[in-house]
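Starting off with a structure, shown below.
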Amino acid sequence: MIKVLFFAQIRDQLGLSELQLPSAENNDLTTLLENLKLRDNNWLSVLSKGSLMVAVNQTMQADNVVLCSGDEVAFFPPVTGG
Amino acid sequence: MIKVLFFAQIRDQLGLSELQLPSAENNDLTTLLENLKLRDNNWLSVLSKGSLMVAVNQTMQADNVVLCSGDEVAFFPPVTGG
Amino acid sequence: MIRVQTEDFNQQREYDCLREQSSVGAVVTFTGLVRDMNQGEQVAGLTLEHYPGMTEKSLAQIVLQAKQRWNILACTLIHRVGELTLSEQIVFVGIATAHRKDAFAACEYIMDYLKTQAPFWKKECNSQGISYWVDARESDNSALDKWS
Amino acid sequence: MIRVQTEDFNQQREYDCLREQSSVGAVVTFTGLVRDMNQGEQVAGLTLEHYPGMTEKSLAQIVLQAKQRWNILACTLIHRVGELTLSEQIVFVGIATAHRKDAFAACEYIMDYLKTQAPFWKKECNSQGISYWVDARESDNSALDKWS
């Protein structure tokens, strides 16, 4: 399974902070994101934002990467700490 | 009279921290400096350094300025505070 | 030394640790505080959310990059999470070096990267008691240009 | 607030004054310390000479220029004179602003100008007890280029 996390506005807008997805049908980041967008119009709109940031195993990703069972994927808005 | 001050290495090398000069014969900075250099070879050598800094009435000067009685002229090496 | 914590921190204590070595000639500190106005809103306080695990990892990476770039004798980075009220301390970056140029550059570099790379999110509360997520500032992204 | 003094100063006290206003979002401090090595010499201590009267005037001018250039909410500049031993504090510059960029820039600007314009001279004493005047560093002059 792949652990998927959502933070800040993204979590609020989806109403969900965490879910588990089967790794077989989500073998790379692009596929996983496309699968999530298919859930409904709200998921499509929230996850289609150009500003969406993605981390795989707690490292920021700009491009597609291969995913394996046990990986942790996180979606969040631009960071605003400091 | 014009008050002339020397600081740090310049003072040590001249063996003098302060002197008074008549304003009539020292009516601008260049003339005053030339008059001091005429004192002896040590004064000539110490005051001929390219790095010599000059302040008139406690403001740094890069060019010649007119001097009047009561003015304060200071000669010192490049500053090294901070 | 990197810390992510709910507790406040003490400027003097952090400064004293930074200046301990006798080779230190310069200490630069940055402290970020909750200020009363942000993006046109009168701010009463804020909540700082983060991504535990990734936060520490990304801060360690930013500090490592700074250490590879400048001669740093000591470095402290503290970021608070949770609820903060007006004028409270949010973040501390302290750098000790032999020469001032390195200390200024490393301190600003760490803040610039933290602002765009470390997974913290601010939810502000305004004077009417309304909460809202803070928008990222474009100027924080363009601040990175000077380091490339 | 500008002070030229023989006494030591306290980082926390100066920092607390700087962050007093509720509009302050960023505080940057610089502290210069007597370090153990300088220009290849093992340093035991130093004496700071200055030009009384001109010192205060030149520091005030430098701070004024910084205030004309950046939005500064509070600024503190302290420079010590007299005898200092190893690891002692020499100079403090603290800047409070709304945004961090102004605080970093103003703090470094004040130090860069102080290093080349304010009439202080250091006489170091090495570990053999020999005293000598410190040479000005060419890098301090070239540091001014970034502000023009």
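A, B, C and D label the chains in the order they appear, each numbered from 1.
Basically, a residue touches a chain if its C-beta (ideal position, glycine included) is under 8 Å from a C-beta of that chain, and two chains touch if they have at least 3 such contacts.
What you are looking at is a predicted structure, and each value in this text was computed from that prediction instead of being measured.
A.B. asks: Farthest chain from chain C, going by mean C-alpha coordinates, please.
C.D. replies: Of all chains, B has its centre farthest from that of chain C.
A.B. asks: Approximately how many whole Å separate the CA-defined centres of chain A and chain D?
C.D. replies: About 48 Å, centre to centre.
A.B. asks: Distance-wise, how many Å sit between the C-alpha centres of chain A and chain B, to the nearest whole number?
C.D. replies: Here the centre of chain B sits 72 Å away from the centre of chain A.
A.B. asks: Between chain A and chain C, what is the separation of their C-alpha centroids in Å?
C.D. replies: About 26 Å separates the centre of chain A from that of chain C.
A.B. asks: Hunt down the residues of chain B that sit against at least two other chains at once, touch-wise.
C.D. replies: Answer for chain B, listing residues that touch two or more other chains: 82.
A.B. asks: Hunt down the residues of chain D that sit against at least two other chains at once, touch-wise.
C.D. replies: In chain D, 32, 100, 111 touch at least two other chains.
A.B. asks: Once the touch criterion is applied, which pairs of chains come out as touching?
C.D. replies: Final set of chain pairs in contact is A-C, B-D, C-D.
A.B. asks: Could you please specify the touching residues of chain A with respect to chain C in the complex?
C.D. replies: Its residues touching chain C are 5, 7-9, 12, 51, 55, 58-60, 74, 76-82.
A.B. asks: Residues of chain D touching chain C in their complex?
C.D. replies: Those residues of chain D that touch chain C are 10-12, 15, 19, 22-38, 86-87, 98, 100-101, 103-104, 107-108, 111, 139, 143.
A.B. asks: Would you mind writing out the residues of chain D in touch with chain B in their complex?
C.D. replies: Touching chain B from chain D are residues 32, 48-51, 53-54, 57-58, 79, 90-91, 111, 114-123, 133-136.
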